[in-house]
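I've put the structures underneath this note.
Shared chain: chain A. Partners: chain B in the first complex, chain C in the second.
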Partner chain A sequence: MSTEPAASALVRPRIRPAWHVATVAETLRETPTAVRLVLDVPTWPGSEAGAHLDLRLTAPDGYQASRSYSIAASTPAAPGEPGRVVLAVDEVPDGEVSPFLVRDVRPGDQLELHGPLGAFFVWRPGQSTRPVQLVAGGSGVVPLYAMAASHAAAGDETPFRLLYSVRTPDDVYFADELAALAGPTLGLDLVYTRRAPEGTADGVGRLTRESFAARVLPAAERPRVYVCGSTGFVETVAGWLQELGHAAGDIHTERFGGLT
Partner chain B sequence: MTHLDGNVLAGALSEIFTADVTTARGRCAGCGRTSPLAEAMVFTDAPGLVARCAGCDQVLATFVDAGDRVMVSLAGLSAVELRR
Partner chain C sequence: MSFATRGFAGRRRERDDRLPPGQTLVQDWPVLSAGPTPQIDTGDWELTVRDETGTEHRWSWDELLALGVEDVTVDIHCVTHWSRLGMEWRGVSLDKVFENVESEHEFVMAHSYGGYTTNVPLEDLLDGRAWVAVEADGAPLHPEHGGPARLLVPHLYFWKSAKWLRGFTMMPDNEPGFWEQYGYHIYGDPWKEERYW
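Let's turn to the complex of A and B:
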């Protein structure tokens, strides 16, 4: 008898969310308005690609504010080795939480996390052989980057494509990592809305229904589609997808609002 | 403020339910639309979280964290389907 676990649609790794105390290991400039936070989390159980966490700040007077952030990458804690969580946080002007995370957080600072969270907007290796189309607007690329990286790490052979709408080349999150993933396992297509690198064939401009339709997998291939971006971006793209014949159940969406 | 979606409920719901219920399909008591809770419109600027039907705006559920207790209403959901 084989000891290999049987592949089954019912196999769903469930990681219970819990509160964790994280220590900032490193802060890196991600884009002109965003920071990458690398966190050591001694109790971190790992997370599925696309999951998020709630980050809670407590003021000296006890006032608390919490916001959700997608997990770009994470590794579970092992004996003698803390878990690691990577976030990328865009500064929302006049925000209550993000300006602190982007401007003031330093290595050694402690943060409270609740996670991992969310079983809806996740991609699991081996779950399906249908192709996957990822659609990102701005910082919405973070959970989609996690899916693309997980897909490559698992050696999963499902065709994967990422359409990424971004203002300028300087605003690309995980630019080096995405460039390294691009190739046979990930079709990477960047759309620049304000300024493109020299020699970009398509020039500069926002996606339209027509240009979008030409750049994503057609509904006939029945891709599973994951869309993440601002609320306006996600609702526009989800509307186009339905008009193009994609089934509502194949479209997974996650909105970050413009939440402060 | 613009709305978010039901994915953002995962943290608050995990304090009440043992499974992640953002994947559960809920039926709107107003218009009958059935969709995953993750697809509801969620407003976070109220005192608490307010989930509304993406089809008809009906309030589906509210969650208010009052520190020592949490108040939950699911009055706008006429049914919830949880996958095993």
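Let's turn to the complex of A and C:
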């Protein structure tokens, strides 16, 4: 899949997944349709940026429902300190789990996590000196925000850029955090498809191949590219990237799961 | 288990004996893949089986179809917790593909256009349990879903059903494939919830 040695060698996840009981510490309104869940997890081992987890809800009669979510941020448990996991969940109409998480969950509630999961769609400090281009569609920004934050926290000097397509300014996930990261360590480029903040030079509109090409690192710089969003978004962007000369093995993709 | 999440009742509750633990029924067909979707013309496509002597058995698209395409109705289970039940496929049984392959080896690495790999024990590919699938839901397999041809091993989690199939290599040992190297289970039985290790 990848042309890089790290992927052709046998790569073992550094942190073995396990079941953990989490207690909701805080819920925050992330966007008009999404919630941010801050979870205390006494046994959490930490996770790599870009990893995900399975979240499981159990009803009193034993009925269970499991869904996969990207991890926005996490810190491992330390003596006397629970680990912490941050998720951002978008409500999908008619869903079973996401409406419950967005509307009903309160601090003190408990749920179960299995993770961390996924050692492919991750970014590790010091992994490579090649520049990194992140491309997010909507809530697909969550694992990419984790990478950008990890990159800044590690003081890693790899050039990082995030192109983030979003409907309106209200729909931006981690808006304050991303604004704080933007600058020397992260080139942040927001594209608004429905409504832009006043004074935005580029106005409103979907990405086209031409506008996309002008906004991402050129293939000549051989960036490692991470794309996350809906299937339509990922298919379109991955196709453009290949047409622009990026090698298939340099393009990492992740899509919203099929469950809500 | 006494654990419960306050206030959660669940809305779907489709209890069906065909649904393995931790799975939820979907009607649509979600797409998951690690990289870009390869576009492969059937005129360029071929399937290869390579044994331990280096001998390669090859089939062009037409040669594969000439082995006999059969109707297959099976349930599929993705590790990301969705399942589809009674899904209609058409494909060529791997019993026909492996019929004249002589090998002492008990494991197989499936290879895809685009570089994806996944490991499967040979016995899981035989006896009418696996196919090279070329149609699903009554239409040629779309590239997003692995077209023109994908492996179909419905009794294992669906990442084992490699998209964009190009061939098999016989292996003496059960070496991990692509997702297996990244923490997915070496075998992947959905009824035992062999998701990750």
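Just so we're on the same page, the second predicted complex is superposed on the first by the 244 of 260 C-alpha atoms of A that agree within 3 Å, B and C clash if a C-alpha of one lies under 4 Å from a C-alpha of the other, contacts with A are read in each partner's own complex, and residues count from 1 in each chain.
Note that in this section contacts are C-beta pairs under 8 Å (C-beta built on N, C-alpha and C of every residue); 3 or more make two chains touch, one makes a residue touch a chain.
None of these values were measured; they are calculated from a predicted model.
> Please determine, from the superposition on chain A, whether chain B and chain C clash or fit.
Superposition result for chain B and chain C: clash.
> For A:Arg36, using the defined touch cut-off, is the partner it touches chain B, chain C, both, or neither? Pick first, second, both or neither.
neither
> When the two structures are overlaid on chain A, which partner does A:Pro60 contact: first (chain B), second (chain C), both, or neither?
In the superposition, A:Pro60 touches chain C alone.
> Pick one for A:Arg84: touches chain B only (first), chain C only (second), both, or neither.
neither
> For A:Glu96, using the defined touch cut-off, is the partner it touches chain B, chain C, both, or neither? Pick first, second, both or neither.
In the superposition, A:Glu96 contacts chain C only.
> For A:Thr231 in the superposed arrangement: first (chain B), second (chain C), both or neither?
A:Thr231 contacts both chain B and chain C.
> Of the partners chain B and chain C, which touch A:Thr253 in the superposed model: first, second, both, neither?
Once the two structures are laid over each other on A, A:Thr253 reaches both partners.
> First (chain B), second (chain C), both or neither: which does A:Asp104 touch?
The answer is second: A:Asp104 touches chain C but not chain B.
> One more residue to check, A:Phe120. First (chain B), second (chain C), both or neither?
both
> More residues of chain A in touch with chain C or with chain B?
After superposition, C is the partner touching more of chain A.
> Given 7-15, 79-87 or 97-105, which one is the stretch of chain C whose C-alpha atoms run into chain B?
Clashes occur only in 79-87.
> For chain A, which residues lie in the overlap of the chain B contacts and the chain C contacts?
Touching chain B in the first complex and chain C in the second, residues 10, 17, 54, 66, 68, 114, 117-121, 231, 248, 252-253, 255, 257-259 of chain A appear in both lists.
> Where on chain C is chain A touching in the complex?
1, 3-13, 22, 24, 26, 28-38, 78, 80-82, 114-116, 144, 176, 178-179, 181-183, 195-197
> Touching residues of chain A toward chain B in the complex: what are they?
That would be residues 10, 14, 17, 52-54, 66, 68, 114-115, 117-121, 230-232, 234, 248, 252-260 of chain A.
> Chain C touches which residues of chain A in the complex?
Where chain A meets chain C, its residues are 1-2, 10-13, 16-17, 21, 54, 56-60, 62-68, 96, 100, 104-106, 109-112, 114, 117-121, 231, 235, 238-239, 241-242, 248-249, 251-253, 255, 257-259.
> Per the contact definition, I'd like the list of chain B residues that touch chain A in the complex.
Residue list for chain B touching chain A: 1-8, 10-11, 14, 19-20, 22-23, 35-39, 44, 84.
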